[in-house]
Every structure is written in structure tokens, then in C-alpha cells.
Amino acid sequence: MKRVLTVLLLMMFCLSFVVANGSQEVAVSDEITIVVMPKLVGIPYFNASETGAIQAGKDLGINVIYTGPTTPDAAEQVRMLEDLISKGVDAICVAPNDAAAMTPVLMKAKKAGIAVLDWDTPADASVVDLSIHQIDDREYGEHIWDLLVQEMGDTGDYAIVTGGLSAANLNTWIDAGLAYAKKQYPGLNLVTGKVPTDEKQQVAYQKTLDLIKAYPNLKGVVGVSTPAPLGAAQAVQEKGMKDSIAVVGTSLPTDSGPYLADESLRVGTLWDPAKLGYLTVVMAYNFLNGEKPQDGQEIANVGKISVWADGRTVIMGPPADFTKENYASFSF
Amino acid sequence: MKSGVKKLIVSKEGILFCIFLFVFFLMSLLSPGRFLSWYNLQSMAYQLPEFGILALSMMIVIVTGGINLSLTYTATLSMIVGGMVMANISAAGGNGILAVLAGIVIMIGMASLCGVFNGFVVAYIGVTPMLATLGAMTLFEGISLNITKGGAISGFPFEFLMIGSGTVLGIPIPMILFILIIVGTWLFLERSKMGMSIYMIGCNPKVALYSGVRVKRIIFQTYLIASVLAAIAGVLMASRYNSAKESYGSSYLLQAVAASVLGGTNISGGEGKIAGTVIAVMILQVISSGLNIFGLNRYLTNVVMGGILIVVLTINFLTEKRSK
Amino acid sequence: MGRTLVEIEKISKIFPGVKALQNVGFNINTGEIHALIGENGAGKSTLIKILSGVYQPEAGGKITMNGKVLEELTPLESLRNGIVVIYQDFSLFPNLSVMENIALGHSVEKNDTLVSWKAMEAIAADALDQLGLILDFHVPLGELSVAKQQLVAIARALANNAKLLILDEPTSSLSKGEVKKLFEIMLSLKKRGIALLFISHKLDELFAVSDRFTVLRDGQYIGTYSEDELDDDQLISLMVGRKIEYTIYPKNKKEEPLLEIQNFSKKGNFQDINFTLHKGEILGLTGLVGAGRTEVAQAIFGLNPVDEGTMLLDGAPLVINTPDEAVKAGIAYVPENRLQEGLVLRKSIEDNISLSVLDSISANNGLVDLTLKRSLTEKWMDQLGIRPNNPQMLASKLSGGNQQRVVISKWLATEPRVLIVDEPTNGIDIGAKSEIHQLLRELAASGLGILVISSELPEILAIADRVAVMRHGRIITQMFCEGLNQEDIMSKAL
Amino acid sequence: MNIKSLKIKELPILLILLLLSLIITIANPTFLTVENFLDILKSNLVLAMMALGMLMVLLTGGIDVSVASIIAAVTVITGQSLIHFSSNIFVTILVACLSGTLMGLVNGLLIAKLKIPPIVATLGTMSVILGLVLYLTNGAWITGIPDSFIEFGRITLFSFELVDGRTIGFPVQVLFLIPVIFLTWFILKKTVIGRGIYAIGGNLESAERMGFKADRILIFVYSFEGFLIGLAAVVHTSIMRQVDPNAFLGFEMQVIAAVVLGGASVLGGFGSVLGTVIGVSLFCVINNGLILMHIPVFWQKIVVGLIIIGSISIDMIQKQRVEKNKIRVDVE
């Protein structure tokens, strides 16, 4: 029996710090609670959106819970959503790791009377009340390829380094870009399929080194996912080939500063994730208050949004392009 | 009678169960009214089985003295292959129930192939389990990616979704399946002749061989059975997520090892009880859901789980030391 | 006789529930071979572990060496003081080279930071020289035969410049010739002034070399006697409190063939093995260690399939490639290494006994009938007198004799036709040995054919009806045991 | 004699390495250039250094799955120290090695003193350390590493000019790897504690009887591994020039796989520095060859999996054949 007591005491000790740590986050009741769930927590992109979402919560005087899995695993995301439904919240905004996987749990949420939104990456359109897009996926993909052509010219070999082979939104942009290039830039030659880099700069660096050697005529590299362009730029920089190989991609301006500065990364293009987080919370809040988004509506701290004809797909606006000249003026 | 109760309480499983009760109680206090709601209990009952079955699958392999790092990719590869067939039949306008049956049979068949592969490399070629399954993990992931090209397989018939979300008499079907599997694996491991051989092989394969036990065959079969269990977890996942993808459940892999060990399974083989693993799975579930509802930072939840693993094993060490 | 080297005073050791040693005290002199004897459980191992610093004695005990009190002895301190133990399991490293196995302890003992491979080579060469052994230094130890590994262990002790050399059953896996060689070495060490503490169950060996005997019984010190004070019988009665010797069982000529081995050959193992085991017969298989006895036994049992040759059981040809086929055919094998090959130490008596018969105690659905498992266990525990009478007891907690009974029970439960026992009484105390002998004889009387592999010739002569002698992988001769003596066999084996 | 037995042990894996290199060279002669060699070297320095630490752990019969978490923590500490404390390279090395060693020490204590099985203890510390790192950093990249440190990381040794006018040379970080290889070799081969590592991996009880203090050796091994991880963290930071706390997710499996490919046994006692170096090379060459050989992206993982299983199986079958044909009795 004594042993059991020891065990209990130890557990008590172990968990008491948890209580101490978490107590400041206890939800205030009777207040609107909006959950914003990224694909995963702990990466710069979703950190930035967290600050936006939390700021919006403060501005609107509502409770925003920003939480997500520690790995981009759809299973973990579903489990967490189920728990949050149990917790009883008013709206769930999710950036799904996998759209189809979310459908059952989002249906459950709806059944429980919770407003369901997706953001960053679309979920199953039939279950969401609103869909917040940073951008139109097709346009974005085409934009990236336009930038590529602007930097390397419209003929020659190029390669794609991507975050992961099964990341849905990255694949959407790449597919859109490839389809566009086929029509618009027939002179472009993709040397090999998109190369996965595990969402790591180190791997992107290594793979780009290999690509440069495997395809000596390489003139351009498209980096999709935030660490990928940096790794590619680093490889090109170190090989002293920044003049012959153009790297463009979707990176955050602050992290890519050093590479933009010497033009080993020619152009980065992305939206401000903080604004996206902010907009998501505002849209959820408005929706809960019965307000529908309007095309051309001006959202404080975000700007003008556009809304599709379906009345529920919200587009934040065009991405910002960063170059050597202007990157320092961005704060994300 | 009294000493029997006492024995039960101080057994490894007894201590674990006390920890479970304590954690459960604590979580109820942390989020009053929320954690202990009917909805949350039911929601946990939906979540628990897929992980629980994977943990049991991992456990029986660990008892043989092995480990299966390809566990989650076995589950996802089989759900992708089976899911494809199911979606195709369904898209062609085939009978839903028939499609589901065909899909499940193929999932189990595919997992069996994975099990045969692992079992052959481990038992007959004699490669250390950790390495064989490490290689298999990469291989299965590669095959999955090759099939899906990075996308998800979806479009399952409605009947299939019922497996993961339906209830019978108010009890979620996954839970019923889990209970059946607990009973099944318990009978298999702790009551059957093969299970008893597995324990002995886990302790000392040489003695088992010298006693006329067909060691290679039993190890081979264990990997096969463990893979079939993984496929069942795969069925649940595919059904609950309405789709199949190679990365589903990847976070369950090391958690399954942790649950087995937390449940008292000896990582070097030969010891471990089904009850222990099941309680450990319940503890991890309650902590995960409880802290999530409570609103603790997800990373601190990981810290707590890692801490509990170390603390419980330290307690085991101290009590064992004292009893010696 | 030399001066006093080690004084052991009032040494006690208490484990939870057991007084392993009580107030033991005696002296060991330089230049003597001092035999430490007693039955298993008498406290010999505990005493060795205290001398080597593995255990700490209870307060009040004292060990003095060369007039210096050794306090809070650790294994390292003990080594530094020149106390070297050669354990029964050799304590060697299969992954390290012969050279390192011999010489590494030197560096540890000196608390060196760096190892000098040159110095190690010299040390190893010197030690092997003293033993008159020629071995390749650089071969990993694991690739050597068991007999050679033992010699390496002895070489290591020599390399450690032992002042007190403790030999725990050093001869248990050596052949007569090798034992003779060991004794020569022991005597030469003695001449150099080294004290030797020699532990063995084999009384003839003890009398061959020992100067004095210290007897322990049930953890208590019985006395120390010089060699001329005692004879075998007196020593035994001191050890066990009663008089025991090997019973010589009457020899029978059996006619009905049970297992016939014809032209068994396997490259690098044995060549042209032919013999017949009859029903109700005990056939002894002897020879030097490394003559190929175990290899033949394992070939019959399917652990070491032959290149060519046939086997007949009851006149019908039998092909066996795996142990489970052997078990099905009614062949059972009690291996030499009980602890590593015979028993699952972490599991209970019940689990061990039922391991070989899981098929027959389980229903068609594959589930084990636990009542049957228990009753089967109890039946055999009862028949073989396994103590303590608790089926749940872990095998690791049993004495050597009882462990061996569990292994035999495991096989008897399969109702075998042929029983192969490899060194059946290795490391078992005298009382238990006789009981095992009796058991084997009773089994033979019930119609089993038993093949007994043993290096201990008195054992073969006591229980076997016939004996086959092996040398260098071949059977040299087969003899009827009636009227044989040890020299008759030895002359063939060498 | 000594050399002969050494050769036999590492020969099969060396042959596989050579064979694979030959195949890749035939497919793409670029493989066999100095430039490619230097690229492979630079991008795998961290793997190699961590593998040497892991080798020691495996030799004792242990395993460490927390290495990726530890290096993540150390890179974060290193990054912070560079920015806020001192950009001096020696101070940085000291800080990194100290923090790495400390974390290794914790593993060592759990394993040696509390007798927790290594895989379990390190599984625990893995989630604790990584959880704390990501909780505290929120996954944000650390940028703004001082220029002096970045410049240090760019130094090349024995530089020479290529035909196309670019200059390449040995990366300065090699100066870390070479001493580490030598040090590990020296410890394992020439010191008593090194032989003790082999001894406790071969037979723990005997090692203790011989006078080795297994506790201390285990603590040393895990601490030393932490120390090497500290150095690896400095190397990593100097190459990548910013710190991504998520950069090492899943890296532990690569480290273990590389060491084991080099012939180390996960059961302890067997393995060598030479073998590990060959194993790491094999691992790098496989990865390098994937793109150089133009293997389609979706086949790459399959190829890697098959090569790993294939080479370990060949090794195993070889060992079993030797065992089977071992002469047990000198038959006359």
C-alpha cells in the first residue's frame, strides 16, 4: 500500500507543475471561444499565424485557442479536434493535414453546433461554413512560375524542391504551376519529378547540390514550402552559381534575408501568415455573429478581401514578393 | 482473499491501474464538467482503439524479443491498397457492403504480405528486428507513396465509414472491436500454446529451440499476426478519417513502444501482460485528451508523457530493488 | 609450507531470509593448494564473492592479506591485491581477442588510462607460454571451443600475477588430459609461492593436488584439515553429514535395438559414427572434451544436421533436421549447459516443464489447459522430488540438482523413447548426483534408451551398460562396462 | 594477422559500398569527381559525427533515440549563445559541448544508475527534451547569427580552381570531423575505458568482475555522445547559418541505420570506427546516388529500403555460412 502511495505522491508532484503552468490558460466561460488549428505547431509559418490569431482574439475580446499536433499527422489532428469538441467551443478553424481525413470529425463538430471553417488549406467543401484562403491556389501556382520565368528566362532546365510529397497544398500549387507552364512556357523543361526535402533546409541544401551535379544545364530551382527555397539558395550560393541558376520560392522574408541579400534567392513570394491568422479569427467571429463576408469588404489590419460567388470562399489577397530591395520592410 | 487483493494492488498492473485512476481523477478536476462529460468519454472511446490495437500489435512483437518499426507504415500501406480497391468498386457503382468486404480482405491480405516480409527477414534470415523493420519502414512508405503519388485515397462507400463512427447499443463500434481484440490477443498470448512459446522465446530462444519449439516459425507467425492487427487498426483509421494516406498515425509508432513498456512489457522480451498495455494505453489517452481539453501547450503534453515514462520505470526499478 | 597469506575471520553474510555464511574463519598460506569444499548451497560461492569484492561481508568480519586489513573490498581492489577468481562461466568476452581476454585485466588493475597493445601481446604470450598453449592471439574468443576458452581464462589469471588464485570448478569441462596439465600448472604456481583456493566436486581431483581442506556446510565453517588427516569417506561425511558414494548399478546386455546410427559424418564435426542404442540400455559416450560427443548428440537431435549418414528408430529410417522433428519422433536431449540451453531461468518450473509438451496439453483451438498444465507439473515434480514444491517458483531460484530435475522432467513429459543427457551431473553436488544416477537407471529400466555423455569416468562406470569412446571426431571403441575400470577407457580416449 | 582479421570483418560492407559507387559512376560519371566528394562530405559531417557517438552506445549494448532531440536543443542553445553571449568560436564550442554533454549525462545516469533500459530511457528524454525545446522556442528559427561565425563556417581549406573557374576546397568543418574520428578511434582502441566499452558490450557481468566500473563507463559513453553532438551542433550551425529547432525530426533513425550498416551490432560488443565510417559513407552514397542516377522520386524510398534490407541480409547470410562451416572438432 505504501508503494501505491509513493506512486501517487510522485504523480501528484509531476502533475502539479502542469497545473501551475496551465492555469493561466483556463477558458473564461460565457465568452466566445474560437479554436484555430494549424497543421502543426512549432514551425515559423504557423507561429506567425498564431500571433495574428491571438491578436485578433485580443482585439475582438474573445478567447482564441491556437493549438495543433506536434507532427503533421492527420490522425493526431483528428484526435485533438475530437477533444476540443468535448471541451465545447464555438468555432473550429482548421488547416487540415489531409482534407478527406477531417470530414467525419468536422461533421461531428457541426452536429455539436460548432461553426466550422478551414484556413490555409481547404477542407472538404461540403462540411465547412467558411473557407479562408490566403490566396487563390491556382493563381499562386501560376505566379510562382511567372517569377521563375522572370528570373531564368522562358527556356531551359529547372527542378522543383518541395516540402513533402504528400503535402496537399504544396502539391496543388505545383500542379497548377506545371499545368500553366505547359501551356504558357513550353520552353521550360522540368528535369525530374518534385524532390521531397522533409520540410528541412538541410535536406533541401543536400538535394539541390545533387541536382546541380546531376543536371549540369540547370537554370532554375523552384522551392515550395518555407525551408526549401533557403536550402536551394544555400546550395547555389556555395557552388558560386547564383548567376547561372535562379532560385525562387515560397519563403518567409525574415528567414530568407541573408539569401535574398546576395541574390542566391532571387525572389520569395508569400503572404503574411499573421494576417491570415487574424483574418481567420475575424471571419469566424463575424460568422458567429451572423455576418456574411462581402466581396471587397475592408477588414481592419488585413485589407480588402474578395469572396467567391459561392459566398463562403474568402480570399485574403495577392501574395507579397520579396527581393533584395524590399525584404527588410517585411516583418514576418 | 485479502492477500489476493493486496497482491493485485501491488502487482505492476495494479500500480498502473491506480495511476490510471489518479490521472483520470486529476483530469476531471482540471476541466470540471468537460472531461467527465458523456460526449468526451464517448469521444475517447472512438480515439482509443486505433492506438490501442497498434500498441497491442507492437507488444506481442516486443515479447518475442523484437520490435516492429514498420508498424504504422504496414497499417497505412494496407489501408491504401485496400482503400483503392474499395473506392474503385464503389465508384464503379458496386454494392457498398461488397466493396467494404473486399476492401477489408485486401487490407488484411496486404498487411499479411508485409508481415511475411518482416517475419521472413527476421526469423529466417536472422536480421536483428530493429534493422529489418527499419528498412521495411522505408520500403513500405516508399511503396505507399509510389501508389498514392502523395495524395490521399478517398471515396469510400458510406458503409465503410460506419465501422469507425457507428455505435451498437451506444457503444462505439471501434471500442467493441478493440475489446474483441483485447480478448483475442489475451487468449493468444497468455492462454494459447503459441503465446506461451512466445514468452519462452522472448526469454531465451535457445532453450525454446532445444525444447523442440519451432522458434523460427513462431517468430515468423508473430510478425504476421502483428501485421494483421496493424491492418485492423488501419481499417479503423481509414474509416474514421474517410481516406487513406501513408503518413496517417505516424506519431503512433514510438507511442506504441512507450505504451508497451509503460504497461510493464520488458523491452528485451519475455515479459508483459495484455492488461498492462491496455491500461497504459488508457493512461496515455486520458492524459492526451485531458490536457488537450485543459488547454496545455501540446509540447508540454509530450514532456509530461516522457516524464511519466521515466518516473514509472524509476518506480519499477526502486520497488524491484527493494523487493530484492 | 609457506607463511599465512590471507586470514579470514568471522565472515558472515545474510541475504533476506537466508544466512549464507556464519562466522567463517580460516587461513590460506602462500604456496599451498587449499581446497574449499561443501555441497551446493554450503556457502562456497558466497565466500568467493566476498573475497573478490562482489559482496560485502556483514559488520564484524575481517579479511587480512599480508598483514593488511582489506576493508570495503571492491572487485578492482581485490584484483589489485592479487586475488583472482576463475569462475565456472569463465567470465570471458566473446567479442574480444584471446590476447585482450588474457591481458586486459592487467590494465584495469593498474588503473591505466591507455592500453599498450605491445605490452598486452607480451603478457598474453607469457601467460600462454606458462600453460604451454599455442593459440592465435588475435582470434575473437567466441570462435574458440569451450575447452580452449577455459584455458584462456586460466591464462588470464596467470597474467594477473595472482597471489591468491581461486579456481571455481575449473575442471568441470576439461578432459582428463587437460586436467592433468592444469594440475601440473597448479603445482608449479604453488612452487612459486602462490596460494590456490580450489573448489571442485570431484574428490579424486581434490586429493590429487590439495594440501589442506576447508569444509563448509550450510553456511557454517566445519573445519580445516590437512591432506593426510582425511580420506574420501571422511571428507564426504564432513560435507554432507552422511556417507555417500556412487552406486555401481548392475550391467545388463540388451538385445532389442532402439536407435541405430549408421555412418554419421559431418565435416569439421565427426566422421563415420556408428552405434546402436538398445531398449532399456544406458550407453555412455565419453572421450576428451572436443572429441565430438556433443556434436553427435546434437546431430541426432536435429540441432546439427549431418552431411551424410542414416538413423533408424525401431528399424525404420528417420530423417531429422530440426529439434521439433526429433521431439515428435520421441528423442529428448538434456543439454550440457543447463543455464543457457536447458532452462528459461526467468520463468517458473511449471512453464519450463510444460514447454516441450505445449501441443499435448492444449485443446484443438490452441488454448492451453491450465489445469492439465498444473497437474502435469505436479506429477513430475512429485515423481522427481523437485524442491521446493512450488510450481510457480522461478527456475533461477532452484539449486543445480533441482534445476537438472526440471530439465529432465520437461523431457520425460514428452514420453520419449530415447533420452540423450549431456553431462547430467555437471556442477551438481554429490547427494544430488546419486539421485540423478538412480533416476536415469530407473528410466532405463522402464524401457527408455539413454545416451549419457560424460567426461566423468566414474559416472559412466557407475550407470552405463556399455560405453563408446570418441577421439578426434570418431568412435574408437565400444565396450561392455562390466568389469571395466577407468584406465581401460582412458587409454582409448587419449 | 591483426590486419587480416580486421579486413574480413568490414570487407562485405566495403564491397557493397564499392559496388554501389561503381554502379552510380557508370550511370553518371559526375559521381566520381572531387567536387561531388566534397559535397557529400560537407553535407554529411553532422551525420558522421553523431554516428561515431552512436557507435559507442551500440557497442555497450545500448541505443539512443534521443540524439535528434539533443542536437535540436544544442543548436538552439548555440544559436542563442552566439547572438546574446559571444560569437567567439571557442566559447561557442565550449557552450555547445557542455550542454550536449550534460544532456548525455542525464541519459547516462538514467541508464547506469536507475537501470532503465536504454531504448526506454532515451525515448523518455527524447520527448521531454524536444517538448521543452519546441515549447520554449515555439519552433521559431533563430536568425541573425553573427557574421564572424558565418564567415568562419565559409572557410575552405586546400582550395583549388575548377575548369569552370569556380573555387572549391575542403570545408573548414572537416577540422571537427577528423579529430572526432581520431578521438573516437583512440578511445575505443587505445584506452582502457574504450576496451571496457567493448568488454561490457560483450559480457557485462564479467567486465564488472574484471574491475571495470560499468556504471561509469555507461555514463561516460552517453556523455561523450552528448559531447560529440555538441560539436556536431556547432558544425551544423556553421553550415546552415541559422537554427531550425525542427531540423532534426526523425534524424535518430538515420544515425542508427548508418552505424548499423557499418556492421555494428545492436546487441553490443561488435562494431568499429572504420566500419562506422564505411557505413556512413554507404548511407551518404545511397542518398547521393538517388538523384545522380535519375531515379524517379517515387521510387527513391523503395530503393533505399531495399538496399538497407539487402545489405544487412547479405551480411547476415554470410555470417551464418561462416558459423555453419565452422570447424568444431579436429576430425582425424
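The first chain written gets the first letter, and so on, giving A, B, C and D; residue counts start at 1 in each chain.
Here is the rule we go by: a residue touches a chain if its C-beta (ideal position, glycine included) is under 8 Å from a C-beta of that chain, and two chains touch if they have at least 3 such contacts.
What you see is a predicted model; the values in this text were computed from it and never measured.
Think of each touching pair as a link: the shortest run of links from subunit A to subunit B has 1 of them. The greatest centre-to-centre gap from subunit B, using C-alpha centroids, is found for C.
Between B-C and B-D, more C-beta contact pairs join the chains of B-D. Averaged Cα coordinates give subunit B a centre that lies 45 Å from the centre of subunit C.
A straight line joining the Cα centres of subunit A and subunit D is 33 Å long. Measuring from the averaged C-alpha position of subunit A to that of subunit C gives a distance of 69 Å.
Residues of subunit B in contact with at least two other chains: 145, 149, 297, 299-300, 302, 307. Counting partners per residue, subunit A has 41-42, 70-71, 165 as the residues that reach two or more other chains.
Shown for subunit D are the residues that touch two or more other chains, namely 131, 134, 298. By the document's touch criterion, interfaces exist between A-B, A-D, B-C, B-D, C-D. The residues of subunit C lying in touch with subunit D in their complex are 52, 54, 74-76, 79, 85, 87, 89-96, 100, 104-105, 107-109, 112-115, 136-140, 143, 145, 267-271, 290-292, 295, 471-474. Across the complex, subunit B is touched by residues 63, 65, 110, 114-117, 119-121, 123-128, 130-132, 134-135, 253, 256-257, 260, 265-267, 298-306, 308-309, 312-313, 316-317, 320 of subunit D. Of all residues in subunit A, those touching subunit D in their complex are 41-44, 46-47, 50, 70-71, 165, 192-196, 198-202, 205-207, 209-211, 213-214, 216, 227, 234, 239-241, 254-255, 257-258.
Interface of subunit B with subunit A (complex): residues 6, 9-10, 14-15, 18-19, 22-23, 26, 30-31, 34-35, 37, 39-40, 43, 46-47, 50, 145, 148-152, 154, 161, 164-165, 237, 240-243, 245-252, 288-289, 291-300, 302, 304, 307-308, 311, 315, 319. The touching residues of subunit A, counted against subunit B in their complex, run 1, 3-4, 6-8, 10-12, 14-15, 18-19, 21-22, 25-27, 41-42, 65, 67-76, 78-80, 82-88, 97-105, 112, 164-168, 171.
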